[in-house]
Structure formats: structure tokens, C-alpha cells
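Pasting the structures here.
You will see two complexes here that share chain A, one where it goes with chain B and one where it goes with chain C.
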Partner chain A sequence: MSDLNGTMAAVQTVDASSRLVPDGLSSFIADVSSNGFLGISLFLLLLALGIALHWLNMKRTFERVTATNNGGEVSRDELREEMFIRQGSNFNAAAVTAWMLLVAAFAYFYFLTPEIFSRYNYYHVPDLASGALGFAAFGFVVLILALGAAAFVPKEFYGYYELSRKMKVAIMLAGPMLAISIVLSVQQGTTFPQVELASRIVAFLALFASELALLWPIYAEALGGVR
Partner chain B sequence: MRLCIVGIGGCGGHLAEGFLKNQDVAILKKHLGEHVSFGGVKGLWLEADVQETENQNFFGSLERGCYPGFFIPHDVIGSESKTSKLIVDRYGYDVKKQGFMRQAEFLKAVFEIFDSDEEVKRAALSEHESENPILRAAWDRIRPHTTLAGLNDNNNGSEMCDGILFIVSFGGGTGTGFVNPITRYIRRERPAYPVFVLGVLTEEGTDPQQRAKEAKRDLGATISLYDLLTKRVGVGVDGVIVVDNQIMVEKFGQDYSAIDGYIHQAMRPFVAERHYPGEDPPSLAMREKFIEGLDRPPILVPCYWQEKRRKDPEENLVKKAITDGRLFGCDPAMADRAYVFTRGFVSLDKIVRAVARQTGLAEDRIEPWRKLGENHADEILILLRNPYGEEKGCEVKGNLEYRIHRVIRMALKYMDDPESNLVQKGMPDLTKRALEDYFYGEDGIKMRFELGLKRIEEGKKPFFLNERNVFERSAQESDAFELRRGDQKVGDGEIRRLVEEEVRRVLAERGL
Partner chain C sequence: MKRFATILIIIFLLLPLAAQSEGVSPSPHKSTPSSSGSGSSGGDSSSSSGGRKIVKLDLDDMIGNLEKWKQDDSDKYEYMKKLLYIPFVPPKDYVAPTVLLWYPSGKTNITRNDKLDIYAYVKNDNPIEVRSDVYLWLEAKGPGEENYTTLGESQRVILANEYSEKNNVSIRDWSGITPFADSKKVGNATFRIWFNDMHSTYYTDTMYEKPYHQGDYYSVLDLELVNSPPEAEAESIMVEPARARYNDPIRYEARFVDSDGDQINVTLHLLDGQNKELKNMTQEVPSGSNVTFAAGEYGLFGEGDAGENFSYMYTYGDGLDFNKTETYPGPSLLPSPKIFVSAPDVEAADENRYWWQNYRFSLKVKNSEVSNLKIDLYTCTPSHPNKYQDTKTINVSEEVQNVIFDVQPFDVSDADQSFSYYFKYSATDQNSREEMGGTSDGKINPKIVKYPIYSMVTIANILAVLLAALVGGIVIEKKWYR
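Moving on, here comes the complex of A and B:
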């Protein structure tokens, strides 16, 4: 596999990104997108921050309700029940799909080719990588992980927030954006060892923008609560 | 309380749209799955004018299974209907008429005919299996959304509404004319079911949309308000929430969609879910609070305010709502109760104390209901009950009495105008007599409106007293009320015999 790394380093990359964004910024994004540890840390940090802020939002709501209840006891369960709102089945379906795609896009972006993690990737399993159903098997593993994420995330996260239609549309659009990210990552996997930097950057931006969109209701509530 | 929103007529439809808008997102403009409205409300639009329904694309036809849907109640009467023919021949009214040209008395008269004329009832019963097929059909479309739904009503298993909010304009059209008969009809089945009306009083001057003169619209408004406010509790509605479009126009200009949006926003604390834990009383208990101590429905003036969330928001919220957020002019100090709906984090005690300070009401006359808010804002809707009754209050601009006094005066002016042609020449004598009597008779509404003006000037509550029907006298004069058993008229002798038998039975039971 180290040969592959060497090959990769020797690859002539096509820097089309300079046409999309200023040089300095494009090279910065290129650096960040190809830095696996930084990317994964950022991805996990955003997720962890979302979970922490959600917990904080719930705690803050409970405290505010308790504080305005003249010392009367407030049942957490009852409050959670009252807070919960139905967001609609279209939205729920779109949100579940988007969360699944987020996990899939993340895995495809970082673990499909050896470009970022030379020791941990799909190509490290030669039987799988050279098999006819390799991509499908990789996708299946990702799907199992994604189902785990989707099983609790949308209800737990979104049911307790009043989401405007604009916010719902943004979350819904995360699905197509993530699909684009996946397609571009798959393209990278197909053309590897050739690397097309522009598609890599677009895939990276789509992945992180979608993650932000999916978590935005929690961040927005937390930011507003600080004021 | 989860409300079933029923928009009636053009204005009612526009406003109901805001309440019933799907909060879910559409994929390729197709809403799959259940419709999710703000506050979990359900509802429909009742309209009389087919053209109105064709000029919009929010409501689909209920008959084709659409939701949210519109329904044209008069469509249940076929064009060859014997009932319809009988009413045209005897009374001169075409029940299938499209729109009502701002004649509030038209629908009132039509539904009274169904109520009072035995022959019309029998014809309707044989033809439509209901004595009042139009109202029956309308109620059949509303009921499936409510907790009164029968086993056969298809509500798709969704949560049902335990109260109804009719939304109408008091402009003399379909809403004005339909709201009283349909309420009365529902009440016969369920006297205690919570029913409220949100009525929009049209602005002063000529209505640019309908080009209807203010005086004509005001006659419709006065007739409708009179009918709503004079029905006894348990027969009529449980509260009439009034909005003055004059205030809205001064705020938003002629931008009617902004006005509709604002009215909807103001009512959100009333219809919202997400109650403070333990503060979601049963709808019947809420109804009791609204009518407590009254024998007639109250006028409820909404005062609304919203501001960014901040520490201790209660005092400012209440003050702003009462001073700057009134949707109908009034003197808050004259209110006899206040119902407070908040969204956000507010203290129960502080909000009650703030309302007491701003209105002068005793704290035990203030009913607060708190809900959780959204978008880091606090909101308040205060419904002031009957905030009028000051002597010469009608001379104070900005008072409820001032506005209502003007509306009644305009209505009287229209009645006195020979061009109004309220009793049309081509109508059958029976109808002409009834209308003449209804409008101008010695106990007619003209006299009653004048009495209402006097009571307003004297600061008396309520300003309208007793119900008045179009056909009540005519019906009594004719034999419409004669007792029948099947097709046989029941004679005086038989009635006497039945009463004597009943008296004997009761006496025997008591051992006398």
C-alpha cells in the first residue's frame, strides 16, 4: 500500500479549484480537506458539540421552566413530552435520509481511497477492492453504521425544536448535497490514483456544510439562548 | 385545547389558510404523509361561491378527498330539488344562489325557513334524509375533525379537535350569514362543546376588494353580531373574538396578506401546543372559564405582543399588548375578565400581577395559560372579556363602544336609505311581510339597534338583548307550527286528552 502512497504523491493533480475560489482560500481548503486527522476531528467536534448543545438546550429549558414555576416541581419527562412537536413525515424521512447520507459521505470521503488515510481504507482489503461487489460491500458496512446514526438522531434532535420552514428546507437540501459529495468521492475512488482536487474540495465542502445544516437548529437555539 | 379551524366565506378562507398551512416540507411540491399544521389544528373552508374556490389553490375539494379542503354546503341541494323549488315558490329565495351580495339577512332567512316551515322540513327530510340538509352537510364535514366524530367518520386516526374556531368576516357575506345558523345547528347536538368565533369587522369607507359600501357591510356586521351576542350560552357560541380591520389597515395599509399573517400570528398563542407541564386544561374547563357568570356570549378583544426573549419580560409584554397591541379598540379597564396566553418563559404570578396592574382587574379574574415559545421570543395574547360599558364611552375614540356605535349607526343609515331596497318588490308577500316586520316592525331590528345604541350610550352591558328571527311572526301567523303526528294534524281535543293523561299519571305516581 505504501506504493500507492508513492503513486499518489506522483499523481498530476488538476487544480481546477483556483477558478472557483481565491488561490489562498482554495489551497487552505485543499490542505484541510486532505488532512485526515483534522477533518475527522472537525467532523466529530461538530457532532459532539451538537450533542452537548442539545443537552444544554434541554437543561436550559428545564431550568427556565422551573425558575418561572414559583418553586413548583416540574417533571422532566412531562416537560419533554410537552416540548415534543411533530415535524411531519416528509421532513422526518428527509432528515433520516440526510443523516444516513452524512455517515455514508463521511466514510466515502475519508476511507474509500488511500489518499488521506493510507493505512485505513477500502483498498486495504484487496479481496474487497478487487471484487465485483466491493463497492457494494463497503456501502453495506457504511449503511449499517448509518442506520445506527439515523435510528435516534432526527427524533431526538428535531422533535424538541420549533423549526421554521426555511430551516426544514435547508435540512432537506442536505440530502442532495451529501449525495453530490458521495458521487464525487466515488468518482475519486474510480479514477484513483488520479486525484481531481476540485471535486475533492466540493465533496469536502458539501459534507461539512451538510453537517452544519443538520445540526443548525441546535446551534441556533443555543446561540439564541446565550443572548 | 386543540381547535378545528373552520373558515367561512372569502375572508374566513384566507385566514384559515394561515392556520392550516402544512408545517412539513414538500418534496417536489407533493406533500406525502399526514398534514401537520401549527398547533395540531385541523379544519376546512366553507364557501358559497364556486368562483372563489376556483381562484385559489390552497384548498382542494373535500368531495374529491383533498385536505385541506373546501366545501360548498349548498351543493347538496340538487338543481331539480323539490325542497329548493318549494322555498323559491313560497319565499322567493334561491338556496343555490352563488355568493350573497353582502346580504346578511339572506342566509339568516334561508336557514330559518328550514327551521320553521314544516312543509320545507318534510320535503328536505324525504329528499335528503335531513330537515336541514345544507347545515347537516356542513356539520358532517366538520365533525370528523372533532372529538364528536362518530365511528363511521374517517379521521385517519389522527388526533382530534376538542373545540371549534369559526373564522369569518363581518362584512355581510357568506361568513356573516352562515356562522350563526351552523353554530346553532351544532349546539342542538352538543350544547357544551366549545365553539368560538373569530370575526373581522371590515374597515371604514368603501371596501376596495368587494366595492361594497361601508353602511351596507355594517348592516351585515350588526345583524351578525346581534345574532351571535343575543343567543343564550349553550345555544350560541362561547365567545366572539373581534378584530377591527380598520386598525389592521392603519398598521399594514391595504396589504391584506400581511393583515391575514398578523392576525394568524396574534392567534398563535391561543392555538399553540407545547403547554407548560400541567397547564393544559380540558377544553370544557376552558369553555367554562370563558362563559363564567354570563348568560350570553362575551365579546373578546385580542391584545397581542411579541418581543425578543429577555429577563423578566412580563411587565413589558403585558403593557405593550394592552397599549399597542389591541386588535380592536377598547378600554381595558372596563374588562370583566382577562384570558392570557403566553409563549416563552414567563412567571405565572408576575404575568397575573402585570395584567392586574394594567387592567385594574382582580387577580382571581385573570386566567393565564402558558406555553413554551420559539425563536428566542416571548409572546402574549390577552383576550379581554367585554371591555366596554362606560357611560358615554361611545364618544371616546379608540373605545369598543365608539366603533360599535358607528357600525350600528351606519347600519341604521343604510336601513333608512330608500335605495337600500331591503324588502324587494319581486318577493312573495309572505317574505315581504316577514322582512318588513324584521327590519322595520315595531319589534324589528331597527328598533332593537336603536335600543342597542341607547344602551351603549348609557354604558350598559350587554348592548344587544333578545334574539330576533326573520320568520318568527310570519311562521306563527301561518300554520307552520301546527302540531302533527305523521301527516295528521293533531287537534286541540287530542292535546287536551294527552295532557290530562300525563297529569293523572304524575298524580298517581305521587299517590295523590
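Moving on, here comes the complex of A and C:
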């Protein structure tokens, strides 16, 4: 398997007919998408920033409420309880699904083929990867690992913000986008060591666009707060 | 000499009388008078003198007569001997010569191979007209021996006129002697001289009141016979070839050194797998030279030994000290061939050589004597070295059998790797080996996924994951969001 990267580099082809983005930008995105450490850092940075901004948003709200309460004491828990907004069952189910798929799409993109992390990937479990249900098994394992986070993150991130209809649509569309990312990542796996760069870029963009969409309410609130 | 001359004169005087009185001619065929007065050819002659016939005898005739008399009339012969015996009485002022051993080297610890230079120092202060000849012998007594032994060829003679005029001393030497070369013991070694001065016999160890030793001069020379044991040069000990057929020219070689330069008796002990001695053979070699035991020469191995492992050791000694080496392994005799194998081969199901394909491994085997011959197939890739694949069993046949393994030997981790394979069989082949293999011509295809994206398998996999995520979302929403 260690030779696969070399072979991959030799046979790597760029689908020149798929000009989704200008050449310079395409090349940049291709570089970023092929750089595992950069991609993972960016992914985690967006998540960490979302968590930090959410904490700041909650802190700012608490301070404002405290300031307008004429010196009266305000309980954080009571305030959180008062602030909580139910977003609807369909939205919640779609959001949880989207967060689970976000983790799955991330794993499929970076850890399916030996292309990015030649020493840490699905094919290092040959009994699993050699079987007909290998892709599914890999996905199930990732979904199980993501289950805990997916159960609580949407509740925390979306329960304290006014979500516009557009935001909700964007969040609900994240699921299909992540499905596209997963399909394209699997396609990369089926053609490996040939790399279809267009598919890779689309999968990469779908993954990070979905992550941004899922975190957008927090970023938007933080931007509004700053203004 | 004087005694001998006197006896001869008397015999010469008596013989004619005896011949006359008994009418015996000691040498009748030579007694015919010669008219010319000259003797016949030979040493005897007869002549007439004043009417008396005078028979002259040569020495051979006289000896012949004496022997005859001794045989025919021993009593008279003995009586004649008594009549003729005149005891020799040394002159009144005669003094026995002083005889000492002179050992100038001073080396008291000697080995069996040391060449000794020992001399007889003889001082004879008698006037030359009184001196008699002195006969000397060197005697030695080795370690553990009770008695002295005269060294062969050790007689030396000093005539009366062979003494130095200055100090009346004469020297005789025994140079370069190795009297204990065959000694089987070490310890005290003693030398003495016994000599005869025509008057008496003397031994230097007893003729003096007490043992004499001054400087390099001894009445008795005591030395110490010592020995250094031989040593084996471990790095020289080998058996070549260490792995061979029973009838190959196998040779055991070793080198032993004895600092004394002794000959070394080297015995090779051939041991079986349990270190039990099977045979031994001995050679005597000079110190420092290689000793070689050729298996063929000694008939060490036969066909029945094929496939056995042997070991060996040496015992060696110089006659005094013995030692042995450690036990060394070897040789390992290759088994006799039972089967003949050839043409190991592998073919992929198609030219793409994907990891998920079947590969057809084959080997031609001629097995005419091993029933239920088992043949195992192993493949080797960097990811899976020596991976067992399958076993086939074949029976005895006079025909060459093509043994085929149609297997799927690889998994995804073998993609893009070269591979080799080998067949392992339960008998020995014509190369005295129990396996034969080969290497693939090319690599396994680097493609790692068997199914294309549009295959039902891939689609089902993706749908299963998406569905699982959706179901998970709905379940979680119902459980924790209401």
C-alpha cells in the first residue's frame, strides 16, 4: 500500500473538461483538498471557531440581560431555559442527520483512500476493505463515533438562535450536499489510484460548504453582535 | 691389547706342537709344501726347517681350530683356557681416571624433543706408559624407570695418547641426543657414565664417595623432563561442506600445535544427533600442520545416513598429555531425493492482475515413491509474508503430475506489490530441498476497489450509510429533542 501514493501520482489525471472554477482557484483548491493536514486543520478550526463564537454569543446575551435587569440577579440556567427555542421536529431530525453526515463525509474524504494519509486509512483494515460491504461498514463505524456529538451539538447550536427560513433551508440542504460529498469520495476510492480531481474538488467544497452552513447561525449572530 | 698379544703368541707356539703330537693339520688343504718355498695363496704356509715341518697358521685357521676344539673336546678346551689365562694386574701406582658428566647448557627442564649435548670429562693423571684405553658409555634413567639404560651407539673410547698434555684431560661428547623421545611420563631424568679402563668397570654415580657437582660437571646429571600439552586452533576446526550429500567429498580439517614440537595423535570422533560416538579414526601429525580426515577415505557415511545431522569432536595428545575439543555440529547430510519437481508457475485470471482475482499456481511433480505427498502453497508479499494458501495431496505415479492451485491469494493490502510464491512438499526433491518457488513477473494491480461507483454493491453501500444517518437523526430527534 505504501507504493500506492507513488503510483497514484504517476497516473493522476486532471479532468480538464470540468472547469467548475477558474484555473488558479481550481489549482489552489486542489492543493488544499490534497493537503490532509491543512484540510483537517481548517475543518477543526471552523468547528472550534463556531464553539468559541457560540460561547461568546451566550456570554454577551447574558451580560446584556444582566445589565437591563437593574441590578437584579439573573440565573444562567434560567436564562438558557428562557432563551431556548424549539426549531421543529423535521428541522431537528435533518440537522442531526446533517451533523452525522458531516463527520462521515469528513472521514470518507480524508481516510478512505491511501491518497492523503497513506498510513492511516480504511485499506489498512484489509479484511474489512476487501469485503463487499466495506464502504458501508466504514460509514457505520464513523456514524457510531459521531452519534454522541450529533445528538447534542444541534440542540446547543440551534436552540438559542433565531433561525431564518433561509438558514433552516441551508442547514437542511447540508444533508444532501454531504451525501454528494460522500458519493464523490467513494467514487475516488473506486477509481484509486486514478484521481478525478474535479470530483475531489466538488467533494471538498461540498464538505466545507456544509460545515459552514451548519455553523452559519452562530457566525451570523456573532457578526450581528459585533455590528 | 697386551693381554691379547700375549695370548696370540702362546697359541702360535703351542699349535705346531699340538699338530705334531696329534697328527692333526688345522688346515690340511693348505699344508702342501711348496718347492719354491713360497706360500700358497692365502695366509697359511708350511716350510721345512732342519727336517721339522713347520706349519704356519693364519688367524682364520686358528679361530677355526679353537671353535672345533671347543665343540669336540670342551673339557680340554676349558683346561687350556685356564692354562692360558693370565690375570692383568695394574701397575702399583695406577689410579683410575676421573670421569664426570659435563653438561654446559645448564638447562634443567627438558622436553622429549630437546637435543641434549652431554660430554664425558675424563682426567687421567697416570703416566702415558701406564694408561690404558678407556671405554665409556652414557646411560640414562627416564621418569619412573628403575634402572639405567645404556644409550645405543654411545660407546666412546679414549686411547692412552689422547689426553691433553697440559692437564691430562680428554673430552668425549654425546651431542644432539634425544634419549626420552618416546617417554610416556614426565619427571626426573638421570644420566651417568659407565666406563672401563681395562682394569675395572666404574659407574660415575657410585664410584665417588658422594655425588659430585661443580659448575657444569656432574657425577650424576639430574634433569627434569617436562611437557607442554598440545593445543587445538579452534578457528581451524571445520567440516566442509557443512551441508552435503552423503557421497560428497566431505572433509574434516583441524590444526593442532604443540609448543614442544611433539608429534600429535589426533583422533576424530564422529557423533550422531544424540552425540553418541559412531566412529573414530586417528592420525599422527607434526605440530602445526593441518590434519585432514576425508569421509570417503574412512567410509564415514553411507546412503542410510542421508538426511541425518552429525556432529564431531577431536581428542588429541602428544603421548603425555591428552585433551579434547568441544563438540562441533556438522555435517548435515541432505536427504536422498524422493521426488522430482520442476516448472513452478503462476498465472493471474487475466492480465489486469487485480488483487481480488484468482491466481493459478502450478508445479510439475514426478512422484514415484511417496504416497500421500503433501504440497503446500505459500505466497509472499510485503504485507503478507509467507501466507499459507492451500494444500494438495498427490499419490504415487510414474507420470509427471501437474499440481494446480487455483486460489484468491491476496487482499486489498497487497495491491501494487510484487509477490513471490513457493511450494513446500513433504519429501526431498532432486535438489535435496523441500521447497521450490518463483517470483511473479509484475506487480499486483494498484487498483484497490473491486466495484465501480455505479455497481449495485457500491450504491447499496452508500445508501446504507445515508439511510443509517437519516434513521439516526430521526431517532435522536424523537429521543432527545422532545
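Rule of thumb we're sticking to: the second predicted complex is superposed on the first by the 223 of 227 C-alpha atoms of A that agree within 3 Å, B and C clash if a C-alpha of one lies under 4 Å from a C-alpha of the other, contacts with A are read in each partner's own complex, and residues count from 1 in each chain.
Everything below uses one rule, namely that contacts are C-beta pairs under 8 Å (C-beta built on N, C-alpha and C of every residue); 3 or more make two chains touch, one makes a residue touch a chain.
Remember, predicted model here, so these are calculated numbers, not experimental data.
Three-chain overlay on chain A, with chain B and chain C fitting side by side and no clash. By the touch criterion defined above, A:Asn69 lies against chain B but remains apart from chain C after alignment on the C-alpha atoms of chain A. Of the two partner chains placed around the shared chain by superposition, chain B is the only one that A:Lys168 touches, whereas chain C remains out of contact. Between chain B and chain C, it is C that contacts the larger number of residues in chain A.
Looking at the shared chain after the overlay, A:Met100 reaches chain C, while chain B stays out of its contact range.
When both complexes are overlaid on chain A, the residue A:Arg119 reaches neither chain B nor chain C. In the superposed three-chain arrangement, the CA centre of chain A forms the vertex of an angle with the CA centres of chain B and chain C, and that angle is 160 degrees when rounded to a multiple of 10. By the touch criterion defined above, A:Ser89 reaches both chain B and chain C. Applying the stated contact rule after C-alpha superposition, one finds that A:Gly224 touches chain B and leaves chain C untouched. Of all Cα pairs spanning chain B and chain C in the superposition, the closest are 10 Å apart. Across the two superposed structures, the residue set of chain A contacted by chain B and also by chain C is 89, 93-94. Contact residues of chain C toward chain A in the complex are 355-356, 383, 411-417, 443, 446-453, 457-458, 460-462, 464-466, 468-470, 472-474, 476-478, 480-482. Interface of chain A with chain C (complex): residues 1, 3-4, 7-8, 89, 92-98, 100-101, 104, 113-114, 123-124, 126-127, 129-130, 132-136, 139-140, 143, 147, 150-152, 155, 175, 179, 182-183, 186-187, 189-193. For chain A in complex with chain B, the touching residues are 61, 64-65, 67-70, 74-75, 78-79, 82-83, 85-91, 93-94, 162, 164-165, 168-169, 172, 221, 224-225, 227.
By the touch criterion given at the top, residues 22-27, 31-34, 36, 40, 273-278, 280, 308-309, 345-349, 370, 372, 374-376 of chain B touch chain A in their complex.
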